[in-house]
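In what follows, a structure is listed as structure tokens, so that the remarks can point back to it.
Labels run A, B, C and D following the written order; every chain starts at residue 1.
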Amino acid sequence: MANFGGHAIPGTFFLLYGLWLAVKYTLRHHWRKGQTAKRAAAPAFLKKMEYVEGGVEMFAAFVGMMVEQFVVDGPHAHLYDHSTESWVKLMNWQHSTMYLFFGIAGLANVVANVTRTTHHGVDRLTLSVALFVEGFLFYYHLHSRPPLDAHVHTLLLVPVFAGSANAMLQVFVNDHLLLELFLAGLFFLQGSWFYQIGCVLYPLSGPVWDLQLHDNVMFTTMCFCWHLAIAMLVICVTMLLVSWIVKRASGGSVDVEIGMRSTANSSKKALLDDTDEE
Amino acid sequence: MANFGGHAIPGTFFLLYGLWLAVKYTLRHHWRKGQTAKRAAAPAFLKKMEYVEGGVEMFAAFVGMMVEQFVVDGPHAHLYDHSTESWVKLMNWQHSTMYLFFGIAGLANVVANVTRTTHHGVDRLTLSVALFVEGFLFYYHLHSRPPLDAHVHTLLLVPVFAGSANAMLQVFVNDHLLLELFLAGLFFLQGSWFYQIGCVLYPLSGPVWDLQLHDNVMFTTMCFCWHLAIAMLVICVTMLLVSWIVKRASGGSVDVEIGMRSTANSSKKALLDDTDEE
Amino acid sequence: MANFGGHAIPGTFFLLYGLWLAVKYTLRHHWRKGQTAKRAAAPAFLKKMEYVEGGVEMFAAFVGMMVEQFVVDGPHAHLYDHSTESWVKLMNWQHSTMYLFFGIAGLANVVANVTRTTHHGVDRLTLSVALFVEGFLFYYHLHSRPPLDAHVHTLLLVPVFAGSANAMLQVFVNDHLLLELFLAGLFFLQGSWFYQIGCVLYPLSGPVWDLQLHDNVMFTTMCFCWHLAIAMLVICVTMLLVSWIVKRASGGSVDVEIGMRSTANSSKKALLDDTDEE
Amino acid sequence: MANFGGHAIPGTFFLLYGLWLAVKYTLRHHWRKGQTAKRAAAPAFLKKMEYVEGGVEMFAAFVGMMVEQFVVDGPHAHLYDHSTESWVKLMNWQHSTMYLFFGIAGLANVVANVTRTTHHGVDRLTLSVALFVEGFLFYYHLHSRPPLDAHVHTLLLVPVFAGSANAMLQVFVNDHLLLELFLAGLFFLQGSWFYQIGCVLYPLSGPVWDLQLHDNVMFTTMCFCWHLAIAMLVICVTMLLVSWIVKRASGGSVDVEIGMRSTANSSKKALLDDTDEE
């Protein structure tokens, strides 16, 4: 969807998903820290969150696919037009394919929590594949576009492929908070960069960007780094905020709000012991 | 062998090999789960399977090499023609070289099971090398072909090199079911993509594909992702089917059908404990 | 800042930072070795060093940003000139952005030591990101420069990206002296190479280098390897010197000079046991 | 040294070094297997071997550097000719630089064994750096050569960079026989490929190769794979031969020939247990 909205919608999705991952991973981290040996299963609240996350992913992917197919100028589920002997709206089909893989990742997330026979890490593996497919399709998307257009989409590949590598690494390295927050930050960066692409290619106000000018390429490269700094800041603040809420909640009354059941002592101890442990 | 059959034969081989790996790895996983401390050696059935696998690999590689050499328009084991001062049928020789390395991988598989003096992971290392050689030769194969032809072969390199990296990783990370199933999926994907290449370059029916058209390049890129989704689905269904059969078999009568000797209880426990363990 | 000084200043900074890392990591290594089970916290001296390091990093980054902005021909905090409809001094802005990320790394270093709620490895992760951003901006910096100019800056990317990868690896592999000294060496190499770039592009004396001559490209490639050899030598000598001082200090009187509190015996033992341990 | 001999000399060195590594690693592996808990230090024989290896490396590197400098048409230690304002014999200087780093690797090997204060893995790290420098200089060596010449040197980069990565990995993964033998195989491959390069560019007999012909590029690519297969075979046979000799020696009389001091039983047990252990 070649307009500002077409970039703002996935941008909003990725921004929120990044924030959500930061919240989820911080909560999980504190639950693990406060966990005593006898309780191995995650609390009900954390499990429910996974269902909701997977459900929302599937729903968003489904809506995205439907919109790409059935917008006014969409392909309406036609792939090949025999009358003109040409493919119909391949860009919409490619976007649908991207959404499909995020839908699969959401499904894997739900299935991994519903049945307990599925295997550890299948949710991260499918997420890694979804990001790889997104980057893979974008990479071959860029053919014969003007320099600035190609460049801002190339920069998008940085958080996409880094996120894919990060999620793949999480299949092997479990429960590493810093790695998990880094993934959250990469999603946030991807989201905010989608907005930036929208602003560059389809400015809502102000002058149109010269897509051939090398100085614009140089500026966007630098601007991407500023987005990265902001993403790191936002994820960091989110993490500290959630940590502070958890600490207050578990300090005041046990088992309320986030169902953590850990006593105030063990939770505080966990926070203090954090940097000492290996 | 530049025709549909020349792509369908290796395609079929890789499809079946991917399915077979999914079955083998799932069986091995369940055996490991049901294993009690006193029995360290793999059951006879799993060992026999390895012999058969290695034997079939060697046989298929030998047949492949013979066919490439002695088809009607093959090089008939001549490498250099002194009369014309040129190399004879280099493409057939390159295909023979690919088969040779899969034969070596099969040999390593058998030797690693016959003698017990060989070293852990030698079968995966040789498989990784075989896939690397396949990708390496294909990579230099693509010189001066039309865009679509080069593109569909470039896409083939994705499952080939990813498979090589995966097998290399398995030398160090043992008994990681998800990693093993991912390798099975990559083989399946390679097989189905061989069929797709055959369909694009040598269509059995319908119009000939325009090898210069950029839209065809875009479609095949997306089509590759669909093959990936199908490969993931097929491997997942295979795994669930085998798991279900194992559960039924070991639940009904001990030591039948797949010779697992684990009691029904330990096997069920293994299935239930699966997602909890790290 | 396109002159010799503009390369000598960051060069000096990176040279000193490399030396400092070599000293710090060697001291930490000896402290870990001499450590007895009852004392888990790092000695006050090592902690103070981290504050000083972070503080200096932040201060240097701030000064660097200010200088880049407010030199005579700098942008003076103006990003876009509406009168000429063009970006103002983008190169200075890019350098400021690089300094910003080293400032963030310094901040993370301090925060990780002040509060104990922050997470293990956050200082290395931010350092890795800072190096990545530096390399990333340099990479897109090189557009349409003469061959030799582009080449000497490309060679700079080797220690920058290798350092980024090294720091990222240290998030997962802790307390590996060889890896840490390698990072110190890469910073030293980066620093000495900055001087070399200054010498090549803005020679203080002697003839101007021909920026088009291929032989100059070949020489600088080889010269880079000599810098690498010198960096390895310097870091090695620094490490041996610090080790020797630590040994003397802890052998003569306990708790002096570097506050290590380990007895001479345990320290000597640590040095001797070094190559045996895994 | 642009003649057959100039490729045969380093080729011979790398062939022998590959064989030697295969012997050394197999012996070390068997020593580790037969080792009982009370003896932690390596036997005198294995230590002496390391001295000899390091010494030979340093001597060969020194001779190589001298030869490159003081052959009849060499630079005779002159780097820059002020009369003609040009660099003197840069190719010889580059080769000298390569030898220098292998000399450093040899030195690190000796030092790591003489003093016990040096750090685990420093010999592999320097070897990895030496291979990286070799590949790095070769990579920028290839500018503006005819296609076949550039191609056979590009293929050389495969074992060089793979060897560098392998040695770097060994800094972290210790005592993994398969990984070590793979490194031996990569050195053997590099050596045999040096001979092949000599044969292609400076044939001793037979017709001169057409350096522009694409078929020659295709043939050498395939030929490289054959060299790989031969390298794998040779290393495998060497390993089996050494294992067989060790078994016979330790079975017949204890403490003879290779000073292993393990009893026949423990050694045999080690061989049998080999594939079971993780």
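We adopt the following convention: a residue touches a chain if its C-beta (ideal position, glycine included) is under 8 Å from a C-beta of that chain, and two chains touch if they have at least 3 such contacts.
Composition by chain, UniProt nomenclature: A, B, C, D = Transmembrane protein 45B.
Just so it is clear, the structure is predicted and the values come from calculations on it, not from any experiment.
Asks: What angle, rounded to the nearest 5°, describes the rotation that places the Cα atoms of subunit A on subunit B?
Replies: 90
Asks: Looking at where subunit A touches subunit C, is over half of the residue numbers used by both copies, so same, or under half, so different?
Replies: different
Asks: Can you name the chain that lies farthest from subunit A, using the mean of each chain's Cα atoms as its centre?
Replies: Chain D.
Asks: Report the inter-centroid distance (CA atoms only) between subunit B and subunit D in whole Å.
Replies: Distance between chain centres, rounded to whole Å: 32 Å.
Asks: Could you put a whole-Å number on the gap between the CA centroids of subunit B and subunit C?
Replies: 45
Asks: Pull out every residue in subunit D that's touching 2 or more other chains.
Replies: Correct list: empty.
Asks: What chain pairs are in touch here?
Replies: Those chain pairs which touch are A-B, A-C, B-D, C-D.
Asks: Can you name the residues of subunit A that touch subunit C in the complex?
Replies: Residues in contact with subunit C: 158, 173, 176-179, 182, 207, 214-219, 221-222, 225-226, 228-229, 232, 243, 271-272, 274-278.
Asks: Per the contact definition, I'd like the list of subunit D residues that touch subunit C in the complex.
Replies: By the definition above, subunit D touches subunit C via 40-41, 85-87, 90, 93-94, 97, 100-101, 104, 112, 116-122, 125-126, 129, 133, 136-137, 140, 143-144, 171-172, 174.
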